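See structure below.
Letters A, B, C, D and E name the chains as they come in the text, with residue numbers starting at 1 for each one.
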Amino acid sequence: MGRFTFALVCTMAATLGCERETRRYTELPAAANRSTAVRLTTLQPGSPQPISNVQSPYQYNAYGLAEGKRLYAAYNCAGCHGVAGGGAIGPALMDDKWIYGSHADQIFSSISQGRPDGMPSFGGHIPDQQIWQLVGYVQSLAGLVSQDAATSRNDDQIVGKPENRIEGTKQIQTGHR
Amino acid sequence: MGIRAQRRGLFLTVAGIAFMISACQKPTSDTVQQSPASARALSGSLADPARLQQDDGQWVMSAKNYAATRFSSLGEITPANVKQMGVAWTFSTGVTAGHEGPPLVVGDTMYLVTPWPNILYAFDLTKPGAPIKWQYDPKPLGAAKGVACCDIVNRGAAYANGAIFFNALDGRTMSIDAATGKERWVTQLTDINRGETMTMAPLVVKGKVFVGNSGGEFGVRGWLTALDADSGKTAWRAYSTGPDKDVLIGPTFKPHYDSDRGKDLGITTWPGEAWRIGGGTVWGWLSYDPEADLLYYGTANPGPWNPEQRPGDNKWTAGMFARSPDTGEARWFYQTSPHDLYDHDGVNEMVLADLQMNGGTRKVLMRADRNGLLYVIDRLTGEVLSATPFVPVNSNKGVDLKSGRLIPVKEKESKQGMVVRDICPAAPGAKDEQPMAFSPKTGLLYIPHNNVCMDFEGTAVSYIAGTPYVGASVVYKAGPGGNRGFFTAWDPLAGKPKWQIKESFPVWSGALVANDVVFYGTMEGWFKAVDANTGQLLWQFKCGSGIIGHPMAFKGPDGHEYIAVTAGIGGWPGAIVSADLDPRDATAGNGWGGMLADLKKTTTKGGMLYVFTVGGGT
Amino acid sequence: MAPLIQSVLHPAGVQAARLNQLWWVMFWVCTVVFISVLTALAMAIARGRRSASNASDATLTGSVGAAVGISVAALLVLLTASEITGRDLDALKAQNALRIQITGNQWWWDVQYLNPDPSLTVVTANEIHVPVGRPVGIVAKSNDVIHSLWIPALHGKRDLLPGRQSEIWLQADRAGVYRGQCAEYCGAQHAKMALTVVADLPDDFERWLSHMRGPAPPPATESQMRGRDVIERGPCAMCHSIAGTLAGGRTAPDLTHLASRSAIGAGSIPNTRGNLAGWIADPQHIKPGNKMPATGLASEELQALLDYLETLK
Amino acid sequence: MNAHPLEQQKADPRLVYDDPRLEPAALERERRHHEASWPDPRGFLGWLRSTDHKSIGLRTIVTAFVWFAMAGVLAALMRLQLSRPENTILGPDLYNQIFTTHGTAMMFLFAVPVMLGMGVYLVPLQVGARAIAVPRLVAYGYWMLLFGGIFLFAMFFANVGPDVGWFSYVPLSGPEYGIGKRPDVWAQLITFSEVSALVTAISLIVTIFKLRTPGMALNRMPLFVWAMLVVSFMVIFAMPAVMLSSTCLILDRLVGTHFYNYAEGGDVLLWQHLFWFFGHPEVYIIFLPALGMISPIVSTFSRRPVFGYLALVLSNIATAFIGFGVWVHHMFATGLPQFGQSFFTAASMMIVVPTATQIFCWIATIWTGRGVRFTTPMLYVLAWFFVFLIGGLTGVMVASVPLDLQLHDTFFIVAHLHYVLIGGSVFPLLAGIHFWFPKITGRMLNERLGKVAFWLFFTGFNLTFFPMHILGLQGMPRRVYTYPAAMGWGSLNLLASIGAGIIAVALTVYLINVIVSLRVGAAATDNPWDAADLEWSTSSPPPVYNFSPQPTVGSRDPLWHTELTPPFVIGLNPEKCEVLVTHLLDAEPDHRYPTPGPSIWPLLAAIATTILFIWSIFSPWGVVWGSIPLFITLVGWFWPHRGVPPREMERELARLEPREATS
Amino acid sequence: MTQTAIDVSPLPEHAFGHRSILWWATMGMVAIEGTVFALLIMTDLYLKGRNEHWPPGNILPPGLLWGTVNTIILLVSTIPNELTKRAAEKFHLRTVQLWLIVCMLFGLAFNVVRVFEFMSLNVSFDSNAYGSITWALLGFHTVHILTDWVDTGVLTVLMFTGPIDEHRFVDVSENAMYWYFVVLSWLPIYALIYFAPRIA
């Protein structure tokens, strides 16, 4: 018994020790803590810090974007934002006006946290991974992702240009309407 | 231009209409007219809406009267002098959403509910420029905007016994003291997390406030609720789907057609538990026949739009109920669109009138339905007397008068995953909620309506509470002729138009008949006056924004006739502008994007109340 | 549970039996042809080695012609057999048939038992029950790509084509459990898209069907209640349906009677509590590429969820 | 008739006797002259510029075998994964890429090209021509094959390997479900290989029609040439279908057209119709050349002319015609009306008749031959009878609509198609390589190693694929990356995987034999097998100009009928590398034609085309901008080097014809 | 035994028409492209059969004007084409040069009108299957017109700059042949694009 306890304590100490002695200069990969630095405005006191340019892990990933597109329909996003992102109950996603910002982390927050004027909060209802996929797809609606990776048309009624033919939007406005 | 029938004298054999009921009685309006302003207000505050509705000087409910005629006999404005009409005063609501519904005038006060944030304004009409007397802000939840399908509109308030009743978007009905603006009661009726909102204008009958929910595009289970006007407590609630006891179907239920008879049809005409999320909301207009003591209202579309997810007749959606206002018991039901294929809600207003038909007087209700047919129905039994298409229709072949059923067209039926093209009328229907008016003088219905067809693809959709439950990709396009709207004077007896005005955009404003002049607005922002008999354009005024509001007429404290209307583009079609949608997506705004891209270049958003009078000024 | 039967050579229904018959006709005729030709070849080699004497060209032409003629005759036999079988297969269509609509999805089967009375419709997934001795008309559809429904013990394949609708008629003549599988390559998890077919005696079948019409039973214990909460408030309801709860998703299999099914993940693994837990915790490990994400439920939530799911008989 | 002097009248060739030019010394002089004049560019640049059909044909064969080897490695990986149930060596994503790339490479980069490559090498020799017609086009075709293959495998290694099956059914390969660029890679590979095959087919047809040496009337053409002629026509009429369908697919994916979008009026079965309209003839495109190789081998090693020449030719043609009428038998499971079922069952079974005819003709040949010589090529051919019979008979089963409903898309089909394609084509091909190796390289392949390889291959092949028939009947579908242990398919799969290992060993032995024999093999004589066709009349390996002097023929088996020594052809100008163009039917001399020399432009044009094809996966503008360099290279290609300036030409014309000047 | 030989030196060094190698190679191309055209036409008819209305929805059939103008241009262009061919076969360099330029002008006119044709189709290639196949038919034919036009252009330049020998005249003759193919293949496509939507 004593020997067993000793071994156990040693093992635990060893594991803890390994953990403790790890010097992680780089914290977690950027993707994991993206949502912390979300800003909805460029206006900052003092000298402005750069707006985070965290990107969706699926920005250049065709599979992730296609999954995003599937989820956009599966989670009824299309019902509010239009089949091709033209908007209906919710604002248009294909134009250059992004009320809560067009950066990946801003969109992530909008989906995850919800927004006060009617955007439901999907955090906890869908896994973060899928939110990131949606982020990538939503960006593709406004031409903010690589055209090579963007999805093409669906085998459905055609109501707008396929995402891989949407030219990138030049000027993105952010802010409340 | 519409057809001008020569036999005008012949069909003006209108025996009586609901309006006439009031006309036969000793008109209270005379006394009201003579009484000083304060007296008018007093008499108004004491009066029951059943009596007030007969007073053409006031406008105490959104449809003007229980018969929903939107007819005012005030005759100061005539085809001859309407050209001199000008703006008396205006008021900016500061709200940029669509302004549906009319203001009310009770005594010397005008009441106006804005779209969300649903602020109720009272204007003192006795003072120049009608300053704000008080305002009431219900502070509805912003999140409610996310579950309002077709812009964050409000279709008006109702007045009774010294209180204004109206609904806030987040599902509250409230009673506000008409004189002071103090809250009497507020009742929370819906849960926005389930997608339920409220946009309709309540109706007050016999001390009860009738309200219904909205959210047919969110898998809401529709209902009509009667609230006690004094306390706000629920008197009864009648669901539009589910077991008979929920629908308040009992022994007194005597529908005219076989297909509406049977036990628990609200369950058995649905697959599985689809009835729990089956729609049939009550967001439109209510009418009331005091003589028969029957309340009439329509139930909206079944959800989702994709009909393949809900095989069966989907009772009791997309139809109309007659109920007792006291107990809510259903008396009869008629389904305009059994197993609705195209979002053809049955909520359009029902105009009550007594028509001379087949040698007798029939008590009828008339409804210009979304499915393109103008129904004339015996309002005591629910029997369809006639159903005539008033626009080009290819999605049905009319009604089989024997069985009462709409005859569907096979090739226009939805096939999930396939685009079915050129369905006429489209989802917004030949006519949506924009109410028509009926003139007992001409015997004509004045119908503001659409000329819209669509391509439709049903898609599988998940029910996720609080998210849209539609399951369709739709694209609207102009119907035959290329104009997207009409303003039609319809002869219900002859079953054809008397005259017709083509409008470029859907005519989404309500209609008003003020004696011989008919008023309506267009989405470009023109407020138009036309001759009730000929349809000749008499006068028009360009408002600041497109008009989807409902014009109303009243007599000011100065004894002059006024016409009021709200401009402010929005609503389902106008959301293209008001919500700044992107028409490069043809489905933007649930289908309007493809058709109304030019609306963005035509008008801008912004709500404004306009009050006109002959000569203008005060 | 009976062993899974997914073999052309073990027919359990009239259609498959006819095909099995045809197979053996083909097999024996072809075997005879095969042996004859090889014998001829062997004789030719042997003869050619023995003597260099040439038969006359006319004789040869006659022999070759005769051989071709015999081949054609054998072919006609097979053609006739095939034709007869084809007609027989078509003969099953019946009025009183059970109608099932099967819709292919990547990578699972959506099943609906159709009924003229819509409220008697039954929705389930990945497992069908059929009554023994009664024709079943299956309406085949697809929601995404082309799949193919194949239950070898009962019948051949029928493609599930998007934008089209096809039919297949079959009948089980022996009670038992038969396995079907998607036969048209349909993407990443084509391999794990199986369908369990249970052939019940007619009474059992009716009992099963009427049971299936009911909603999920209400949770009885606290843990089960918590489990239902996890479904309704958590990620499950976004995709799955359970009649009687708020869950109304249609992008994933219906779970109303999940516990009565024998397998999960469209035949990927047997439906046991442990497997179910593993599946929910990390479905991508068991069926890589399938559309169900890891949901990251806490273990306490997972246990409650399992408690509830086990009640969905 | 006011004929222009330059418009020469058809002049008759003269039959000359006792001409000084016929002295052996003179003939040798002429040979030297050819040797000196026919360009044989050396060095790496020369290799890039070469337009010699033997050089291109050989490198096509070698390249195709490289793709064969790579696709074979992929096959081995698949067998490794399937060797036991629930195996996790390969995940579904990789497995699906592997089986697609395997199928695609085997069909498009190996089977068709290698057969056409054999044709390019052998046809001009067998018809007695000095060169192939339109050689630069053939060179271009080779480069397209090379770049296409590099493209496919490079993409595969970059994890962009196609994963939608070699048939790429929509909508799985379409814009919605065919995610990323993987299906585009497939579709463009098709374009590469089709362009290559089409230009080669044109060249072969023209060669066969116009360059046959005098005396080789159509009814004296070797059967391999007949097979290549029929196949080339099949290529011309079948391949456009898949080019069209894959172009439509790319358009659907890239710019959003709706050919296959059922929601917008397209159709998913349109793809299948177009694909199988190509896909079924494709099988015969692969199969007929193999039959063409069997005839000379059977004939040579039975030591008699093949029996039933006319029947064999007609069978070839009949197969081609029927082959175009049975594409629907790949679509039985989609649900056909009863009438269609009967029709396509009958048509599909009918194809047995020509095939049976051929088999019986060969048996008759052996029967009446002067004893079979059991050389390695002959062993492969005899094995062909065994395996192809199985493949053919299972084909009959599959042709029956009802039975196909059970067998379709199962391992039974995998077995069937490998018995038909490997059995039907690769066995004769390996035989053919053995047979013609001396001609191509000048060295004999080692018979002993050859026989070892043969027996290993024969055993391994049957061990691999025969169990698959049973697996299919036991219900194992195709294209699955794994299967549950409970299904009981494990042991047969293991057996098949072991068989696959043996095949790998067999092919390695074969390869070793080739490499070793190339270095130390016995030197080959001109006609080591004592065969009958013209290619055996020239040296091994043949010179650039193939023959000097150019032989003519007087019978179907020219080398066996030397008693009718046919005359030579003389009078072709070696300076201009002239070939003799003859008449279509009876091959009478018509005119002389200078064959275009080596050129770098086909390579440059192929590079430009490659850029265009790959660019067009990413942007439709790739087609527009990419066509500019292509245009430039094509102008460079066709810009003539011979001739005079127009003014000079005009002067010459005026001098030749004063009348014209006055008019 | 006396050695005999066929002396082919008296034979000409070139030939026109089906005697020439290039003619057969061109025919091979024509066969391939003709097959593609035939398959495109089959595809069009197949899709037409799959759709209830052709064109679907309220799309108007293509405007007849430009297509008909182009058909006329094409048909008339066969006259200079034939004249070029005949001149080439008689080695009339000047005449060949002249008619080649006329042919170029016809081609130019055709290509310009083709732009208007595309604009009057009343449907986009990405609207629906009808639009896709209609654009594909017209587009594929345009590619032929364009390439043959560019080809003729190169040949024209060549006939002015040299170097020239007899084979260039054969080239001109083959080029004219190919133009006939382009013209002939247009006629069924014209009927299909412009009249099939008007019949059903």
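Following the convention adopted for this analysis, a contact is a pair of C-beta atoms (placed from the backbone, for glycine too) under 8 Å apart; a residue touches a chain by one contact, two chains touch by 3 or more.
Source: prediction; values computed, not measured.
Student: Please identify each chain that touches chain B as well as chain E.
Tutor: Looking at chain E and chain B together, the chains touching each of them are A, D.
Student: From the C-alpha centres, identify the chain that is farthest from chain E.
Tutor: When every chain centre is compared against chain E, the largest gap points to B.
Student: Pick out whichever of the two, A-B or A-D, is joined by more C-beta pairs in contact.
Tutor: A-B
Student: How far is the middle of chain C from the middle of chain D, if each middle is the mean of its Cα atoms, in Å?
Tutor: 40
Student: Determine the centre-to-centre distance between chain D and chain E, using the mean Cα coordinates as centres, and give it in whole Å.
Tutor: Whole-Å distance between the two chain centres: 30.
Student: What whole-Å value do you get for the distance between chain B and chain D if each is reduced to the mean of its CA atoms?
Tutor: That pair's centroid distance is 74 Å.
Student: On chain D, where are the residues touching two or more other chains?
Tutor: Only 171, 176-177, 252, 255-256, 258, 261-265, 267 qualify.
Student: If I count partner chains per residue in chain A, which residues reach a count of at least 2?
Tutor: 74-75, 153, 155-158, 161-162, in rising order.
Student: Where in chain B do residues touch two or more of the other chains?
Tutor: 417-419, 455, 457, 461-462, 464
Student: Throw together a list of every chain pair that touches.
Tutor: A-B, A-C, A-D, A-E, B-C, B-D, B-E, C-D, D-E
Student: Any idea which chain B residues touch chain C in the complex?
Tutor: 219, 267-273, 277, 309-312, 417-418, 460-465
Student: For chain D, which residues are in contact with chain C within the complex?
Tutor: 91-93, 96, 163-165, 169, 171-172, 176-177, 262-263, 267-269, 302, 304, 307-308, 311, 333-335, 338, 341-342, 345-346, 349-350, 352-353, 356-357, 359-361, 363-364, 366-372, 382, 385-386, 389-390, 393-394, 396-397, 400-410, 472-475, 477-484, 486-487
Student: Sort out for me which residues of chain E touch chain B in the complex.
Tutor: Residue positions touching the partner: 52-53, 56-58, 128.
Student: How about chain E: which of its residues touch chain D in the complex?
Tutor: Within the complex, chain E contacts chain D at residues 1-15, 18-21, 24-25, 28-29, 31-33, 35-36, 39-40, 43, 46-47, 50-51, 56, 89-94, 97, 125-133, 135-136, 150, 154, 158-168.
Student: Taking the touch rule as given, give the residues of chain A at its contact with chain D in the complex, in rising order.
Tutor: So the residues of chain A touching chain D come out as 62-63, 66, 147-149, 151-158, 161-162, 164-165.
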